[in-house]
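Dropping the structures in below, format is structure tokens.
Look at the two complexes coming up: chain A is in both, with chain B in one and chain C in the other.
Entry: the complex of A and B
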């Protein structure tokens, strides 16, 4: 029987679990990397809480292996929390490995796949990390008193260092200690509650939750698993209140009081019999589960108070958020697009009317309405666009981990500097940019940054710096990946390409400096002598180039041998609305997206030459391929018009440049892209159409497809 | 023209009647008379601004803006391999639903909506005389000595066009 059979009807809970876990894992990765360089108590607590949550939810949902792993990781983190262990590189490695395992696991849950995982080696590693700590712990304990020692040693799950310490009357002592500590906690909790009129509030819930978390730990350490579970539920309930997922309620207060009451009973029994007995209280458990469940089911639209899980995510600063289905947003986006079109058409109609009619008060009214409708429409459109925007930190945040792993792996020293993490761009763009950026960052770390010895010999600081920056430029976002590493030697690239047969020697001769650098984007071109697991994941620079091309973006390389490289990516902010240049091709008009455009020049037709059937033009020291749009689109040409002026629109597709020849430049246009109707399928070189204010359709060029089609790309 | 079959409270006789009767939108194309089941026709428009599409198949006239949605318009005569008539004031675009897609068909003239009894439609006909691929002809109706080719909208753009369109889409 599959674990999912038990979860029928709980898809929502499961999906919520997946989303939350993914978010937590991202934060955990980030925090772990931070922790290594900056052992901060708050970071440890946050990671601890995350694993604690994993443990609880996985247990609740019946994922035993995940629960077990989380449990061990939690134990390890608890030792970090108590200061019994210091976050060494090895410990961070193991914790990161656990986080990776969870990422894999969550992926499987997403696919509703049930697997048996090989987690024992990982658990052993985690336990071994604790083993180190247990030894250190034993020393600390010597000073601290034997009672504590016994209790904590058992917590390490029979780690060898602890086993030997068991004494004859250990059991009785243990009980004594446990009862005392339980009593202590109860007192603290009750004082806390008394101070708040026996009410749970968002303010005190966090404090209370922490105490119940400790209680749970105490209970599981002392072989009281059933009580521990109840403590865990109480903890989860309180965390939900703290985060604002659950509102403080009378029911909640009552249940908490009952829990405390029951604990007193357990304690009293324990004192009487001189031994604490594990006890079961299913009613309370159910009450708590109902409370927590109430939270989980409503979580799809839950108001989530930023818990600061992710440093640097500014939305976390107390802002309230709501999760919305992407499809709904997409729909809203389309409607806003329609609204813009109708607004434009109304404007046009008004102008026509105003030209015919003499002004009177009703026309004035119409004018006003028309104006305010226009303003509101623009605002709605912007607001909807805004909703789809996410800060690029969503992508950036995973890179510190990448750099850290690579540095450890390669024996290099490097530092990652992130700039402009708050820069926002469309969600769809974020998704497609993630992999290319990952590859570029890896590349910079793998091929760019030299080993410390080489760097020292060159008189550079031993620690290399990789800078990842994002910024806005008009309707575009500029992302730069730069390093202060070895840089690229254009001639070496050419030699390499010749050797591999990527280019012919004839081609090599006619290449500009730019072309030579761009060789790295050719398929099958890799300057790494050996395929490492870094660059050997089947993702090459050519894939980076392809992805950027798909996004209507451009790539540029700047490099100096010995000083480093910089790769500049220019992307449109959104894919749904295109800002473009309206160009005339005789009597027809087309829109070329600005994202592709480098510049426009008035064309001196005598500068054009034909090479092997294709027109080329010399442009800024490069020879670039040229396409007459009228020829390509078979536009009727007015042959009699002798002194027709021509313009070249120089476009860039990823790293390549082309010139498109048109007969006029008609200004900027904001276009909502619409498909041409499914019956037509895709027309080569046309991305779609847009409906102008006059109701006319203008076709939008798909520049990458166009150059691909003309056999140039 | 009677309005039997409309509304729920009609007599049994009228219902029988309705089942037996088809309403056809009748249009002309290169001198021939064609009919389309009114169920599949969304609307009929005058020939408005058609934006030509470069590199599209020949029978694609272009695209039009149908209240904010872009739909393709095909030249039906071209599709049938008939002679295309020059645009006139009678030229119309018949907007239909074909296999779930909306598209417009340019025809020479839309004349009327005709009610025809289903038993007046001959489904098994010899196509050699019509010169039109039998696939998208549903049958031939005979009204007052006029022969009407009744088209099947779902088959209009199947077979070869789909192939041709698929080629565009793939590469």
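Entry: the complex of A and C
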């Protein structure tokens, strides 16, 4: 009997199980990667709870193998939790492998497939890690002889190496573990402080106080009572700041920096002498005591306490969520769009009426209602949009794991810096951007960052940095993937393209620097000698370009040989509402989405020339294809009209640029895109229409499709 | 449902478990009963929820939860004015006598071990609430 036979009627529970497991797995991946560089109790707890949950849910749903695996992983995590084991690279590897197994398993559950899995080797590995952490690490490295360099990387990157499983392996190991844990805390505190300009604030004091309390504990556990006392004083001082009993002050900041500095000295001595010695610093103790006792006046205290209470309430109330079917949201979104249109029409009708009728109280009333309806409509629209918005961390969170695996795999050292993870964008955009970004990040890690040896020889830090950042710019989001790696050589790209036959030598000659760099987006073009197995699905840069194009986005490359590359992607925040430029094409009007527009210029038509039947224009050192919108849309042209002015709207479609020729620029328009309906169907080059306040329909251009249809893409 | 039953207040069950699958499963197990089910994601959340509702007839609680675990939650409930007599069932995948003993010690009335099935949940609940039992 199939396991699914027992679950008939429980589809809802099964679906919840799938959603929950996927969500937990994402967090587990992230936490595991984090844990490797920063052994933190709360991280271990979270990972432990996830596997604990898997054990429970898989158990009662009848997925026995999954339950068994979760059980072993849970046991291992329990040992990490109570300090019997330290998270070595090998242990993290095995836990990540378990998480990968669960991802595969949950995929099968989604398809309602029942399989018998080969999980014994994985379970054995997990058990081996438990038996003896040091042996497991040694084994893993020995089995992976090709990557000896990587063994060193693990030992130096701050994560406790596997020696010392905490069961009394001798003083030296214990000492080492203690130093590393202390070092970990110091790093965390320093990062925290660096993020706050080295200032202690009411906001970060609590967090810092917690760290010092942990430090105190660690020191007393390791027979360092004098240091523990200093940690305790620092803790007390920070608690006082957090509670508002002390105001943040320059003196306080300085003392904290001195405490940290002194701790580093103690650690350095400990490393040198291979034994951590208890040490005394009475000056710092006195400074801290003076700070703690110099409390602020009572008025300030009560105010601060009031603030604190309010904050507590807010924190407790926040964070409640429910899941809503996407279809319902779409529906609400459409209705909100309709509401906007009706509001606009009402506004127009009111204006007409107001012009005809003399003002009286009923007109005043109407005016008021009209105004408040307008305000509420705008708010509804924003609220609905916001419901669809997700922080880009949903995509970014996958990448630390990717980078970690790649680094271990390729024997490289690299660090991923994420900036602007809270930047929000439309769910549909998030979904489509995920794969292209993944590809760009892999590319940066695989082809961009050099091996530590090469980097060292070039005088660069051995650890390469990949930075992924997101930010808002108007109605757009800018995502940048940059690395401090090898960079790209435009001429080499050309040579390569010639060799592969991607371009002809004539083409090569007429290419601008930009065009040359853009060669990487051509199908079948890869700068690496061979396609590495890292990507796993063989997505090329051309797919990145295609995806960005679909999203109405633009992509740009900046690179310097030997210094690194930066790929800049610009995307609309949402696909449902478009901010665009209204342009005139003789007597007709169209809207060109701002996302595509680079700039507009007044056009001297004599600058246009025809090359092979197509119009081109010279624009900032590049020759770009040009199209007359009146030709394409067969707009009646007033041939007799002299001195007609022309404008070129320069648009960007992924990495390519084009000029659209229009006869007038009529300002900005915010438009809710509506499909044209079944009668008209899809018209090439038109994304849809929008209804203006006057009830007139204006067509919105689909720029990527337009240039594609024109045979220019 | 007849009018008499309708006019009667529904009995309220609170389920506290950090796993949404378990919450859904327990809700599902009790779906055939005319009960009002309130869910909470951890002990802290559960305390807040019961402080907001006047009447709770039964609490089903997991042991291992973030922020506040089951033991601490039960202690809190038993120490409160309002809900100290509400029956509490522990639902846990912690094996072994130890956590069971500890759970009973802090004031739980029953202990269900995972893996559990819908019938068992219904049976345990029926010990404390006036519900119609399905024919076995």
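Just so it is clear, the second predicted complex is superposed on the first by the 522 of 713 C-alpha atoms of A that agree within 3 Å, B and C clash if a C-alpha of one lies under 4 Å from a C-alpha of the other, contacts with A are read in each partner's own complex, and residues count from 1 in each chain.
Everything below uses one rule, namely that a contact is a pair of C-beta atoms (placed from the backbone, for glycine too) under 8 Å apart; a residue touches a chain by one contact, two chains touch by 3 or more.
All values reported here derive from a predicted model rather than from experimental measurement.
J.: Overlay done on chain A, so just call it for chain B and chain C: clash or fit.
T.: fit
J.: Please indicate which partner A:53 is in contact with in the superposed arrangement: first for chain B, second for chain C, both, or neither.
T.: Only chain C is touched by A:53; chain B is not.
J.: Thinking of the overlay built on chain A, is A:45 touched by chain B (first), by chain C (second), by both, or by neither?
T.: Only chain C; A:45 stays clear of chain B.
J.: Scan A:248 for contacts with chain B and chain C and give back first, second, both or neither.
T.: neither
J.: Which partner, chain B or chain C, touches the larger number of chain A residues?
T.: Higher number of touched chain A residues: B.
J.: Contacts for A:452 in the overlay, against chain B (first) and chain C (second): which applies, first, second, both or neither?
T.: Neither: A:452 stays clear of chain B and chain C.
J.: Examine A:13 and indicate which partner it touches, taking first as chain B and second as chain C; both and neither are also allowed.
T.: second
J.: Working from the superposed arrangement, determine the closest approach of chain B to chain C, counting only CA atoms, in whole Å.
T.: Checking C-alpha atoms only, chain B sits 33 Å from chain C at its nearest point.
J.: Which residues of chain A touch chain C once you look at their complex with the stated criterion?
T.: Residues in contact with chain C: 10, 12-13, 16-17, 19-21, 45-46, 49, 52-53, 55-57, 59-62, 67, 316.
J.: Going by the contact rule at the top, pick out the chain A residues touching chain B in the complex.
T.: Contact set of chain A toward chain B: 338, 341-342, 588, 632-635, 674-686, 688-689, 691, 695-699.
J.: Quick one: in the complex, what on chain B touches chain A?
T.: 49, 51-56, 60, 63-65, 68-72, 74, 98, 101-103, 157, 165-166, 168-169
J.: Tell me, which parts of chain C touch chain A in their complex?
T.: For this pair, the touching residues of chain C are 18-22, 24-25, 28, 48, 64-66, 93, 114-117.
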